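Two complexes come next, and they have one chain in common, chain A, joined by chain B in the first and chain C in the second.
Let's turn to the complex of A and B:
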């Protein structure tokens, strides 16, 4: 029997929310609705989905912060309900977009203290902290109090806290959320190198950036409203929509967007007006290349003029749009 | 191995607690505050005693000693009830480290205990200042030579364990309540203050009050403190009939019972919090 790093079977989680003012009834929110997933040891696995999809809920259940409502969740074969203490020894977790840490301690003190809570031998701890500070380019900040750090630096410190215990499985909840481009790139590179260094290491990360999932992950599960819609390698996922092609059109600001509705052979289309530039960007997913001319001829009807036409390879975003019928984020 | 790890956890949790306590911008202010607070508490007690004495026409110095010792050692009760919950609140709301502390593979009880050590030390400092002030300024008679030191130390340790256990139970509850738990702790502290023979003898309580007082370990703890110190003991007729051995025995048994109860409550609170997703919640006020 193969041992999975993570195994989810029909995992469900609901939350009772407080009654809204004026109403008596408590709402029942379904965060996870029968999730099945198997992540092998050594995989860099991504959960891709929009806000509210249930990504954080999965991470919390796996990192022993939250019980499932029903179903099963296992980490390296240990059950999250019954064997939390065993799980905690082999995992760690980092969530992005927050400013956690003991602000009154220095970066180094924060990290050192956690190595001691994890029972790491002093020498090993020292070496790991030093190495990670170097990689994250935080060396000159090591003796600086955490409360004086920028958000990005705090997040990097938190990242080091997660990786320094050398977990077998690490859960990263939107690790690059709110980071600037350079810091995000550095973190992605670090994650890639980290998992390559030892074949048994497993990473489960969540993201709502399709670029990130595409670039980093061996396999990606697309998740929306608590359900897994598809789960495969980024290449295979893109192949799902490969027989369809994607057309990007830049035209002068449209007067009547309805001209593009109901064109035969268009599976989905999204648009974005840029008032300042006086442009509208359109993106079509097509069943058949032959209808490009139909779209082009719809442009004058919309009261606009073509600026540029581009045929593009499908992205995970397109996969998502095809599966869900809307975009991951609001951009095109 | 496990013991070594627990000691390490305790050491670094204590270190963290100390960093927080000593994180005053001005160490001088910190010391003044640490001295002024217990002395202010003693002076309030003098006022209370004067009022009680005038009302009752009773100016027994033994009663003042009784009150003085009760008041001084009650500082530990207030501290521990409050602080254990505070640690959770602070990690969760202020530092947002709760989720990372929670998933660390260590004994959380040991962590909380460690976080509290520096406060116990600071409070001990406050208790000593209060006693010294009492002896030299207010004329409280503490016969140092007559104190049964070994028994006193044993009683102190058992007593602190019992109060700590209460704190732990409250911490378990604060896992699920977040916002109002600090008020709850003060309320419970108030109940202890009324019923444990802190500043007036248990015997002045109505019958049900006496019965209630007699199941609280802190009642016996304060009684045993007074007895081992030989100060203000025997003032309380409700407890005078209980022999020293019985009192100590009851203290031990009730401490064990309270500790078991506290661990159960804590685990229950933990379970409910994890079921409802409250472990790392922030109320963001």
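Let's turn to the complex of A and C:
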């Protein structure tokens, strides 16, 4: 029988906003709207969605910080409402941009302090902290006050904090948010190695970055406006849009983007202006390859010139755009 | 990476470790910034000096200088409870620490206990510096005839006071940004009502029967009775105590029990409300 690390059944969560000034009326915002998910033990599972999609709300409910409005949420079979004390023994959580701990304490002292909240004996804590500082290449910073660390170093410290208790299930809420390429790569590598070393460990990762989800996750759920739109392996998700073509175009900085709107057969398109380079990057998801000529002929109408054309294989981003109707960078 | 396993600690040991863990930043952090140490010890002496010079100018009896010094020393604990216990819980939320405390498999009381223990330590440094300044600069003399009674009063004043701080902490968790307005509101009026710089029996002398009820009302704050009892022990011949010493000690013991129980209950209740309303996870609400 499959053992589930996380089970969500018809999970709903609403929030009341503050009353609008001058009125006593409070609005009800739906953060989760009937979410059903099952994450197997040993899975590295990704939740992919834009801001406000409900990713963090799911993590807060699973980490026992928030009650669901209705529905059911379980971690390793324990109910978040009734057995939160059992859940807390087997989980941990790391968020991107987290500023936990105390700036006046050193890296070493902060980490030691958090081990004490799990009742870890001093010697065990020492060994684990040493090992993780080495892996994260932070050994030289162990006696440095946390407030003097860079964002990347701080996030590595947060990762050590989350992993040093050796949780059976760890929740990572956008752990590479705002990090430089090297720091993000190191953290991704660490997550991969951590789960490989002990197959019963489970990771639930939320991310904005398609590439990160594609690279790391065994399965991905795409979530938008509190609903799960699709849930499968990255490969299977990409197959959903495999019958469509993706065309990438690099053109001189476009004057009138509207020239690309309403081209028949274009399912979605996104763009990104690079003003410094004087270029606009366009990405189209097409029903049929035959439309390529229509797009190419629209370029002069937009007041621009083609620099490069590329037909690409579908990515998770294409899946996302198809399902959500917009990209994470530009809304069209 | 595979970690070596270890024998899981008992519930008590785990929570005691949590108390030590949370007390650590208080104790270390407070003494790591030299400027803080200076301000913590020097500035309170300035405030106390003003009252000392005021009483001296009025030719008040010598013991009044002693009352002020004791009040000045105890101010450190009151400020600590208001700003570093009660309001701190709110700041922990803003810093992201509260979530991590609450997902740890420990009692929330252990976290508050650690904060209290650390706070008591740092406040004691400040209180001692005020006492030493009082003795060296103003020649204050105390006569400690009953050290056991003094220790008992001090210990139960601390327990009751920090129990109250724990209770406030859980309330502040929901109040959000209003927290520090509340702390502000409770600062100066309590200096007056609790008799930080004069014996509270003064209310009875000036206002008669209503004055008694002012002092009795202020006695809900443990420092009121603690201060009065300490003055009675240190100046047994001179001070006109509000209530007999043993009554004040008994009241402090009762207040300790009441505040610790209320702290636990309100913490559990507030946590439930906060999880239901989503306030634990919202910042700057």
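Structural remarks
Keep this in mind: the second predicted complex is superposed on the first by the 312 of 332 C-alpha atoms of A that agree within 3 Å, B and C clash if a C-alpha of one lies under 4 Å from a C-alpha of the other, contacts with A are read in each partner's own complex, and residues count from 1 in each chain.
One rule holds for everything that comes next: a residue touches a chain if its C-beta (ideal position, glycine included) is under 8 Å from a C-beta of that chain, and two chains touch if they have at least 3 such contacts.
Since the model is a prediction, treat every value here as computed from it, not as a measurement.
Because the two structures share chain A, they can be overlaid on it, and in that overlay chain B clashes with chain C. Once chain A of one complex is fitted onto chain A of the other, the partner contacts of A:60 extend to both chain B and chain C. When the two structures are aligned on the shared chain, A:128 is found in touch with chain C, with no touch to chain B.
Between chain B and chain C, C touches the greater number of residues of chain A. Contact with neither chain B nor chain C is seen for A:199 once the two complexes are overlaid on the shared chain. Within chain A, the residues touching chain B in one complex and chain C in the other are 15-16, 60, 63-67, 85, 88-89, 91-93, 95, 98-102, 104-105, 109, 113-114, 116-119, 161. The touching residues of chain A, counted against chain B in their complex, run 15-16, 60, 63-67, 85, 88-89, 91-93, 95, 98-105, 109, 113-114, 116-119, 161.
In the complex of the two chains, the chain A residues touching chain C come out as 13, 15-16, 18, 56, 60, 63-67, 85, 88-89, 91-93, 95, 98-102, 104-105, 109, 112-121, 124, 127-128, 131-132, 135, 161, 166, 193-194, 197-198.
Here chain B touches chain A in the complex through residues 5, 8-9, 11-13, 15-16, 19-20, 23, 95-97, 99-106, 111, 274-277, 279-280, going by the rule given at the top.
For chain C in complex with chain A, the residues that touch the partner chain are 1-4, 6, 8-9, 13-15, 17-18, 20-22, 24-25, 28-29, 32-33, 95-97, 99-106, 111, 275-278, 280-281, 285.
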